[in-house]
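Sharing a structure below in C-alpha cells format, with a few things to ask.
Chain naming follows the written order as A, B, C and D, and within any one chain the residues start at number 1.
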Amino acid sequence: MRSALGIALVTLAMAAFAVAGCGKKSGGGGEQSSTEGGKLKIGAALSLTGSLAKEGALTKQGYQLCQEKVNKAGGVKVGDKKLKLAITYSDDKSEPDTAARLIDKFNDDGVKLVLGPYGSPSTEAAAAAIERNGQVMLDSSGADDNIFSKGYKNTFAVLSPATDYVAVIVKAIMDGAEPKPKTVAVLSADDGFSQTAAKGGVAEVKKQGLRIVAQESFPEHTTDVSSALTKIRSKKPDLVLGSVHIEEGIAIVKQSKELGVKPAGGFGETVAPPTPDFQKALGDSADGVVGSTQWTPQVKGKDAVFGSAADYAKDFESRFGAKAEYHSAEAAAACLGLVLGLEKAGAADPKKVRDAVAGLDEQSFFGPIKFNERGQNVTKPMSAIQVQNGEVVTVYPKDQRQQKLQWPAK
Amino acid sequence: MTQFLQATVYGLLEGGLLALVAIGFSLVWGVMNIVNLAHGAFVVVGAYIAWKLNETAGLDPYLGMLAAAAGLFAAGYVVQRCLINLVVNAPIWMTLLLTFGLNLLIVNGLILAFTADFRAIHTGWASDSLAFGEVRVPYGRLAGFALATAVTVGLVLFMARTRIGLAIRSTGMDRAAARLMGMNVRHVYAFTFGLAAALAGTAGAMLGTINTFSPASAAGYTLQSFVIAVLGGLGNMWGALAGGVLLGLVQSWGGQYLSGTLVNAIAFGVLVLVLIVRPSGLIGRPYYEARAEA
Amino acid sequence: MSPVLETRGLTRRFGGVAAVSDLSFSLEEGSVLGVIGPNGAGKSTLINLITGHVKPSEGSVLVDGQDVTGERPWTIARSRVARTFQVVKPFRDLSVRENVAIGGMFGPERASSARKAIAQADDALERVDLLEKADASPGDLSVADARRLELAKALSMQPRLLLLDEVMAGLRPGEIQPALDLIASLKEEGVTILVVEHVMKAIMAVSDSLLVMHEGAELARGDPETVMRDERVIEAYLGQRYAERARKDREG
Amino acid sequence: MRAWLPWAAAALGLVLLALGPTYVLYDAEQRTLGSVFMFVVLAQGWNLIGGFAGYPSFGNVVFFGLGGYTTAVLMVKTGASFFVTVPAAAAVGLGFAVLMGIPILRLRGHYFAIATLGVAEGMREGVINLPGLTGGNKGTTIPAVGEKATASYPGNTGFYFYFLILAVIAMLVVWGVARSRFGYALRAISQDEDAAAAAGINTTRAKIAAFALAGLLTSVAGAIYAYQQVTIYPDRLFSVDITVLMVVMAVLGGAGTVIGPMIGAVSLQYLSEWLRDNLTDYHTFVFGAIIVAAVLILPMGVVNFALDAWKRRRIALFQAVRAYRL
C-alpha cells in the first residue's frame, strides 16, 4: 500500500517531468531550425571531462579557431546567403554511450551537421547514431578502421587512417637510415586503435623486407612494459616499434634503459614522441626517438580559411598561447571540411552536404582533403618526426623535412 | 635462464613498490576496518606534491617525498578526525561510499588543478642500472625496494616500541578495552589514518621518479592495494611486503610465459582465489583475528 | 524410545584450545537439563554445536536418535530444535511481530505465506506477555522485553527441544518468576529443555538434572542437590562465581 | 485513502509514460528516460542482494557486462535475432550468479565486497583476452546500423519501451519479493545471519537466490544496452563506475525498500545530467561532494528518512553521524 503510493507518485512525477521538461514535440527538426537568423548550428560532443579530457580540450580549440576564422570573414557562403557558424559543445564525459546520446539530442534540436568527438570509441558510437538519424559528421580523431568497415555513409574522417601510424615511421626510417635496420620488434597496446596501427606497421615492415623478431602486446594505459622488453631483449632487434599512447610510450624508453635494451638503430613510437610530456618525462632519453603525427607546421597546401600550415600555427599560438599541435589541427581540418562541403553544396540540407563532402578534392593547411568510398582521407600522407637535442623536428616526408633523420639514433 | 632471472629480479623490485603503495591501505583496514577507496588518490597526491616542488623549486624528489609525507599526514589526520570518524561504526557500504566520494573529489580536483596530462619526475639516474652479467638492476627501483623494506621495518618497530604504536595496535584489537585504558580513540584513529596517508604519499613520490602518473592512475593503485592487503593478511605489515613481492613476481613471471595482456587478469584471479580459499591471507594468521569476517 | 538429545564425545577446538571437550550426555523427553559453569567454560559453544552453528571437531549430536552432526543450522532448526542467543539477536528493522513471524514462515510448520505467518505470530507473543508491544521496533524494547522477544522467536518454531542461553540474564528478581513459570509449563507440554544460566536460584528451581562444565569438559553431572554438594564443583565453580559477581558489581 | 487509488495513479503514470514517445518526447529525451529506466533496473538488482540481503556487492556490473556480451556475441557470430539472445543473456547472468555466489557468498563484509569487485574486474580482463570471441579491447559491433546491417534496429522509441518494460518488471519483482517469505528471509539474513539460520531459514539458498535474481535482471538490462549501443567495449560494459552508480542510487534512495532505488535512479540520473549541462568542468567534482554530503546527511536514503519523519514525527538528519560516530 505504502510502496504502491510511492510508485504512483514517482511514476506520475516522471511523466510530468517528461512533459514539462521537454515541451511539445513538433514534427522534428529539419533544415529550418538549424539555419535560424543567419546562423548555422553545428553540434560537437566532446570529452571535456573524464579520461580523454586533455585531448577533448585540444579538439575544442581547433573547432573554436575554425569558427572564429570563418565568422571573421563573414561566414560560410551557402547558396546566396552568408551564414555564421554557431558550434554547440556538449560534454560526453569520455563515454561512448553519452556521445551517442548527445548526437540524438542534436538531432532533436534540428542540428544535422556534426563535428566529431574525440577518440575512436566515442566516434564509433556517434557514427552509428549519425547514420540512423541521417546527420552528417566530420570526424577529427577517430582513426580506427572499425568505424569505416561498416558501410556507414555519413561519417567522413579528415585524418589519415590508423594503419598509417606505424607504417609512416617504418617508411621514414627506411628512407633516411644508414645503415638500414634489418630486424624489428613490434610492441603494441591492446586497444583497438593501437592494434590496427600495429597491423598496418607489420604490413609495411614486411613490404620493406625487414624481419620481425618479436611481437608483444600489453594492457592499454600500463606503465610497466618490462615483461615485453625482457622477452625481446635477447632477440637484439635493430629497431623497436611501439604502437602506443603516451604512458606506454614513455615506459618503453624508460624501462629499455633500465633493462639494457639497446636496439642498434633506435626506437619508433606512435602518438607519444611529439607531445611535450614525452620529453619532460624522459629528459635526454627522449633524444632520437622517431614518432608519427597527423600534422606538422611544415605540411604543404593552402586553403581559403586558414592559409598555409605555418599561418595556422601562428594564428593558433596567438589565440591560445600554446604551440599548435596535431589534435587541434585535425579538429580545425574537420571543421574546414564541413565548411568546404557546405559551400560546394550550396545548401544546408544534410543530404546535399553529405554528397558534396563525399566529392571534395581540395588542398588545405592540413594537406589534401579527399575521401574514399569508406569516408577515409587516404591521400593525405602522415608525417614522421624525431626528437633531436630536445627539439621535435620533422624528418619525413621529404617535402616537409626540417632535419635529416639521425640514424642510428644515438 | 637470463630471461627468467631478469624477470625475477624485476618482479621482486616491482613487488617492493607495490608493497609500498599497499602498506598504508592494509594498516587502515586492519586497525579500523575501513576500506579506503581514496587510498590511490592519496598516492597520486603524493606524487604531485613531489613533482610540483621539483618543477617549481627544483627540490630533490627524495626531499619532496618528506614534504609529501608530512602534507598527507596532516590531510589524512583531518579527514579521519572530521569526516570518517563520524561514520566509522556504520555499515560498511557507508564508509565505502564516503571514501569513494572523497576519491572523486580528489581525483577531479587534481584534474582541475593540474590537468589530466601525464607527469613524471625526471631524476637523470633512476633509469640507470647495475649490471650483473646480463641481469640488470635499475637504481630507481632498487631505491624503491630499499625504501619499502625500510618502511616496513620502521613501521614494525614503531608499532612495537612507541606509545602511539602500542595504542594503535591495542585499539585495532579491542577498541572498547583501549578506551577503558584511557586512550583517546578518536586521536588514535586519526593518527593511524594520517600515518597511512603519509605512507601513501611517500609511495607516490617514489613512484613519480620511476613511472609516469596522472590523476587517473589513482584507481589502479587502490585496486593493487586490495590485492596485496588480501594476499598478505590485513594489517600485517610483513604481510604487505610479502604480498607485494608475491604479486610482483606472479605478474612478472606471468608476463614472461603467458600473453602480456594477461597480467591484470592474473592479479584479479589471484585475488578472488585467495579470498575463496584462504580469506585470512596467505601469510600466517591475520594480525587482527577479529577482523577475519569469513 | 531414543532420547530427544544425545551427544557422544562432542569436542570442538578453536586453534589449539578445546572450547568443548569430550561431552557425552543424553536428555529424555520432557526433562530439563541445567548447564552451569564459569564464563568461557564452553556453554554457548555447546549450544552452537547442537544447533549446527559451529561444527564439531570430533563426536556427534543425535536428535531423536537421528545423527545430525554436520547438518546446517536451518535443517536442525526445522527438526524442531529451537534456541535463544546469549547476546539477543533481534531482526532490527522488523517489528516485534514480524520478528516472531519469521519462525512461523521457515520453521517446521511453514506458513504458506508471509501474511499468514504474521497473523499467527500473536500466539507466541501472548505466551511471553509481549503482545501489547507487537508493533514496536525491537530497538525500543527494554532488556527484559528483548529477552522475551528472543524467547518468543524460539517458541514460534514450535520446538520439541529448546536450548535457552541465559534468557534470564539482566532480569530483575520480579521478572524472573514469569520466565520460570513459562519453562515449567513448556515442560508440562513435553518440551525438552536445556537451560544455560547464571542465576543459581532459577536453575535449581527448574532443572531435573545439572551439568557443570569447566574448561570445556564435564566436571560433574547428576541431580541438582547432589551436584551442588560436590567438592570439586564448589572449588572450581563457586570460587569463580563469586569473582564473577564481584566483577558485575563493579560494573554496576 | 482507498486501497485502489494509488494503483490507479500508478497505472495512469504508466499510461502517460507509454504515450510519451508518441506525443511528447524527442529522440534524445526518450534516450535519457530510457537510461533512467535502465538504472532503475540496475539499482533494483543491487537492492535485492545489497539492500535486502545486506551483502554489499561491488561487482554487480559483471552481470551487466556478461548480459551485453552474450547478446552481442550471439548476434554477431550466429546472426541470432535479439529476442532469441535475451533469454540466453538472462540464463548466463543467472547461471554465473549461482556459480560465483556459491563460493563468494560465504564471505562477509569487506571481503565479499572486494571479492565481487575482483570478479568483475577479472571478467573484464578475461573478455579483453578473448579477442576471437569478444573482439577484445577493440570492442565488438552488432550489425544493426549502416549499409551492411543484417539485424533490424528498434530506434530510440523501441529501446525506450524495452527499458520501460524491464523497469516495470523489476519493480514488480522487488515489490513481490518485499512481501513474500523470501523477502523476509533476506531481511532476516541482512540483520543477523545466525539468528536467521536458527529460525529455519536456509541462508545459503536464500542468498544465492537473491544474487541470481539480481544477476538475471542486470544481465537483461546489459543485453538491451549492448543492442542499443551497437558497438560495445569491455571497459564500458564492466566499468566500476556503473556498479558505483547503482549502489549510490539504491542507497541514497533507500536500500531495502521497494521505491527507494527507483527514486534514487530517477533523481540521480537527472541530477548528473543537469550538472553535466550546467557545470561542464566541475560536474564530477561536485558529484563527489554530493555523495560525501549525502552519506553524512541522509545515510538511510530518502525513503527511510520520509517514513521515519511520517511515523515518528521527527526530522532525522545526520542519523548515521548520531548513531555511528566515534
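Simple rule for what comes next: a residue touches a chain if its C-beta (ideal position, glycine included) is under 8 Å from a C-beta of that chain, and two chains touch if they have at least 3 such contacts.
Just so you know, these numbers come straight off a predicted model, no measurement behind them.
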Contact-graph separation of chain A and chain B, given in steps at minimum: 1
Distance-maximising chain from chain B - centres being C-alpha averages: C
Central subunit by CA centre of mass proxy: D
Separation of mean Cα positions, chain D and chain B [Å, integer]: 32
Mean-CA-position distance for chain D and chain A (Å): 34
Euclidean distance of C-alpha centroids - chain A vs chain C, Å: 73
Euclidean distance of C-alpha centroids - chain B vs chain C, Å: 47
Overlap residues in chain A, where contacts from two or more other chains coincide: 49, 190, 219
Chain B: positions in contact with at least two other chains: 108, 259, 261, 264
In chain C, residues with contacts to at least two other chains: none
Pairs of chains satisfying the touch condition: A-B, A-D, B-D, C-D
Interfacial residue positions of chain C with respect to chain D in the complex: 51-53, 72-74, 77-78, 82-83, 85, 89-94, 98, 101-103, 105-108, 110-111, 113-115, 117, 153, 156-157
Contacting residues of chain A [partner chain D, same complex]: 1-15, 17-19, 21-22, 24-25, 48-50, 89-91, 93, 95-97, 100-102, 104-108, 121, 124-125, 128, 131-133, 144, 146, 150-153, 190-192, 195-196, 219-220
Chain B residues touching chain A - in the complex, by the definition given at the top: 2-3, 6-7, 10, 14, 108, 111, 115-120, 122, 124, 127-129, 131, 134, 136, 138, 140-141, 211-214, 216-217, 251-252, 254-256, 259-261, 263-264
Contacting residues of chain D [partner chain C, same complex]: 179-181, 183-185, 187-188, 191-192, 194-204, 256
List of chain A residues in touch with chain B within their complex: 49, 51, 53-54, 190, 216-219, 221-228, 230-231, 233-234, 246-247, 250-251, 254-255, 257-260, 277, 280-285
